[in-house]
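In order of appearance the chains are A, B and C, and numbering begins at 1 in each one.
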Amino acid sequence: MTARAFPQKITPAPHAFLLSSWHILGLIAPVALIAAQAFGVLLSPPDRDMGHLQKIMYVHVPAAWNAFIAFFIVFVASVRYLWTKDEHHDLLAAAAAEAGAVLTALTLMLGSIWGRPTWGVWWTWDARLTSTAVLLMIFASYHALRAFTEDPERRARWSAAVGIFGALNVPIVYMSVRWWRTIHQVQSSPSTVDPAYAWGLRLNAIAVLLLLIYFVAKRYEIARIERLVEVHRDEAALRSEVAHA
Amino acid sequence: MSVPTATSAPVRPATSPPASGAAVSLRGITRRFGHKWALRGIELDVALGDLVVIQGHNGGGKSTLLRVIATAVHPTAGTGHVFGLDLRRDAAAIRESAALLGSNNGLYEDLSARENLQFAARMLGVADARTAIAAALEHVGLTSESDERVRFYSSGMQRRLALARLMLREPRLLLLDEPFNALDADGAELVNALIASTRGRGGAVLIVLHDDARLTQRPTASYTMTQGRLT
Amino acid sequence: MSAMAAWSRVRAIAAKDLVAERRAKANVVAVTAFGALTLLVFGFAVGPDTATLRATAAGILWLAVLFSGVLVFHRSYQLELEGGALETLLLYPGERWEIFAGKLLANLCVILLVEVVVIPLSLVLYSVAVPDTWPALLSVVLFGTIGFVTLGTFYAAMASRSRSRDVLLPLLLFPMLVPVLLAASEGSAALLVGDPMGDAGTWLRLLVVFDVIFVLASLFVFEHIIEA
C-alpha cells in the first residue's frame, strides 16, 4: 500500500512532446489573438449607436467568458484535490486562479471604460458586472488565504474548500443580482451582442481561451518546479544530516 | 529536463507485516510540517502489555509521534497499525481504543471540572456518566473543587483533571506526553497507577518523558528521539 | 456510528459552546452593543431625513448584523485553541461534521440573541412601524441568519487559525454572503411595507436554497479543513 506522501513525487512533464506543445501554444495564441482582434477592429462594422467604442467588447466579453472558464478549472481541480489529495491538482487550481483573477480584473476595467461614454458613469450595478466584481473578490480572498498559509498541505486543503464554495456561489450571486435589478425595474443594460458581432466574439473568445490555457499551463509548470526545488532542498538537508549523524 | 523524482525521507521497504498481539506497529513513519521534518522514517513495535519510554530533547518530534499514533495527525509517508487497524483508513476505529494525554491539557477554561468531564463523557459515549465522573474526580482528588471553573485551577490540578478524563473509559493504548509535568508526588502516583492498571488489563502504554525519575515501573523498552529519528 | 450517538455529540458540542459563551458574558453584550453602535453610525451617515431612513432601514439592519456577527465566529474556535482543546476534540469518536453542526447551532443561538436586540432597535431608530407581515419577516430573518452563520462558522474554522485572522474572515466571508445580503435586505424591505408586490416569497425561496446548498457543502467539506 503506497502512502500518499506529501509532497508527492513531483514528476517532470510526463511526455516530452506535451512540454514542447505548450511552447507552440505560446506562439499560436498571441497570433490568434492579434488575428481575431484585427478581424474585429478592422473588418466588422461600427455599432449603430456606439460606433467603434463597441469594439471593446471584443476583449471585454471573451475576457469575461474565460474568467468563468478559469474559475471552472479551479472548481474541478479543487474537487479532485480533496478527492485524491494529489498535490498536482492544488497547483493547477492555484495557477488557474491567478489567470482567472487577471481576466476578471480586465473584464471589470474594460466594462468600466466602455460604460463611461455609454452611460456617463464609471460603474453601473448591472447583473453581469456586479457578479464579476464579486467573482474578483472571491479570487482575491482565495489568494489572500494562500498567501497567509505556510504549510503546503493546509494551504492546499483550505484553498480547495474556498475554491469549491466560491464556484458553487457564482450562479447564485448572478441570479440574485439579476432579480435585484429586475425588482427595482432599473433599465437593463443595452445588449452587448449585436448579431453582426457574434463571429468576432467567438473568434476572440477562442483566441483568449488559447491564451488562458497557455498561461495556466505555464504557471502550473512554474509552480511544479518551485515545489520540486523545495522538495529537493529539504531532501538535501535531510541527507546531510544523515551523513553527519 | 530530467530531474530525479522526489521522494520523501528515506523509507525502508515494508518487509515485515504488523505482528499479531502488537499494539502499535510503525513502518517508515514520516511527518513534515512545511519545511520541517518532525518525524523521519520511524520504525517501532509495541506489544500488548508493554511500557515504552521515549526520551529526548525538546523539538525532537516526540509529541508528534504520539499524535500520529493517536491519529490526531496523519503521517506524510509510511504505514502504521494500531491493534491491526490502519492509521489512515481506520483512524476513527483507532480512536475508540486509544487515548492521548497531550502536553496541553485540552480543557475548557470557562467550564468547571465537572462540566469538562461531562462533555468528555458525552463525546465518548460513556454509559453511566454520572458514576464514572464521580469516580474519576474522586480518584484524582478533585471532588471538592469540581464545580469551580478550570481557569482558577493550578496547573497541577488541571493536569489531574486531564488524567481524570482519561479514566472515564479504559483505553487499550495509553499515550502520555510528559504526564508528570506540573504534578506533585500524589499526582505522580496517579500517573503510575494509571499506567499499571492499563497494562494490567492487557493494554500498552507509550510515554514521552524528559527524565524517567518518577516512573515507578521498569519500561519494556526505552528509546531516544533526536531530530525525528528513533534510536 | 448511530444517528443517536451522533446527535448526542452534536448537542454536547453546542451545549459546551453555549455554556462557555454564557460564562464569558462580556462577549455577547459587547457584540450586541457593537450592533447597536453600527445602526447609530449608519444613521449618521445616511442623515436624519425620515423617508431616507425608512428606505434604507432593511439594508442597514443586515449590515449591522453582518458586521457584529463576524465577531462571534472567532470565539467559537478561540475556545478550542486556548487550552489545546481542538486536538482533544478531534480525538473523540465520531465524525468531523458533528463538530461543525454543534458549533453551527451554538453560533446560531448567539446571533439570534443579538438580533433580538438589534432588530427592534433598528425599527425604532429608523422609524419603521411593525408590519402586519411580521411572521413572514421572521422567516426571512431566520433563513438569512442561517445562511450567514453557516458560512461564518465554516470560514472561521480556517481564518481563526491563520495569520491576519481579523481581516481574513471578512475577506473570505463577505463575497460569499452577497446573495444572503441581497435576499435578506430586499425581502425584509418588502415585508416592512407589507410586501405590496409579493416579492418577498422569491427572496425567501432563494435564502432557503442557499441555506440548503451551503449547509450540505459545509457538512461535507468540514473534515478536510478542520484536520489540517
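Please note the rule applied: a residue touches a chain if its C-beta (ideal position, glycine included) is under 8 Å from a C-beta of that chain, and two chains touch if they have at least 3 such contacts.
All values reported here derive from a predicted model rather than from experimental measurement.
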{"item": "Geometric centre: closest chain by C-alpha means", "value": "C"}
{"item": "Per Cα centroids, the chain farthest from chain A", "value": "B"}
{"item": "Between the pairs A-B and A-C, the one where more C-beta pairs touch", "value": "A-C"}
{"item": "Separation of mean Cα positions, chain C and chain B [Å, integer]", "value": "37"}
{"item": "Centroid spacing, where centroids are CA-atom means, of chain A and chain B in whole angstrom", "value": "46"}
{"item": "Length of the line joining the C-alpha centres of chain A and chain C, rounded to whole Å", "value": "31"}
{"item": "Chain A residues counted as touching two or more neighbouring chains", "value": "151"}
{"item": "Chain C-touching residues of chain B, taken from the complex the two chains share", "value": "67, 70-72, 74, 92, 95-96, 99-100, 102-111, 115, 119-120, 122-125, 149-150"}
{"item": "Residues of chain A touching chain B in the complex", "value": "1, 3, 5-7, 9-12, 150-152, 228, 230-232, 234-235, 238, 241-242, 245"}
{"item": "Residues on chain B engaged by chain A in the complex (per definition of touch)", "value": "1-3, 5-10, 30, 32-35, 37, 40, 75-79, 88, 227, 229"}
{"item": "Partner chain A, residues of chain C touching it in the complex", "value": "151, 154, 158, 162-164, 168, 171-172, 174-176, 178-179, 182-183, 186, 197, 199, 202-203, 206, 209-210, 213-214, 217, 221, 224-225, 228"}
{"item": "Residue numbers on chain C that touch chain B, as the complex places them", "value": "5, 8-9, 11-13, 15-16, 19-20, 23-24, 79, 82-85, 87-95, 227"}
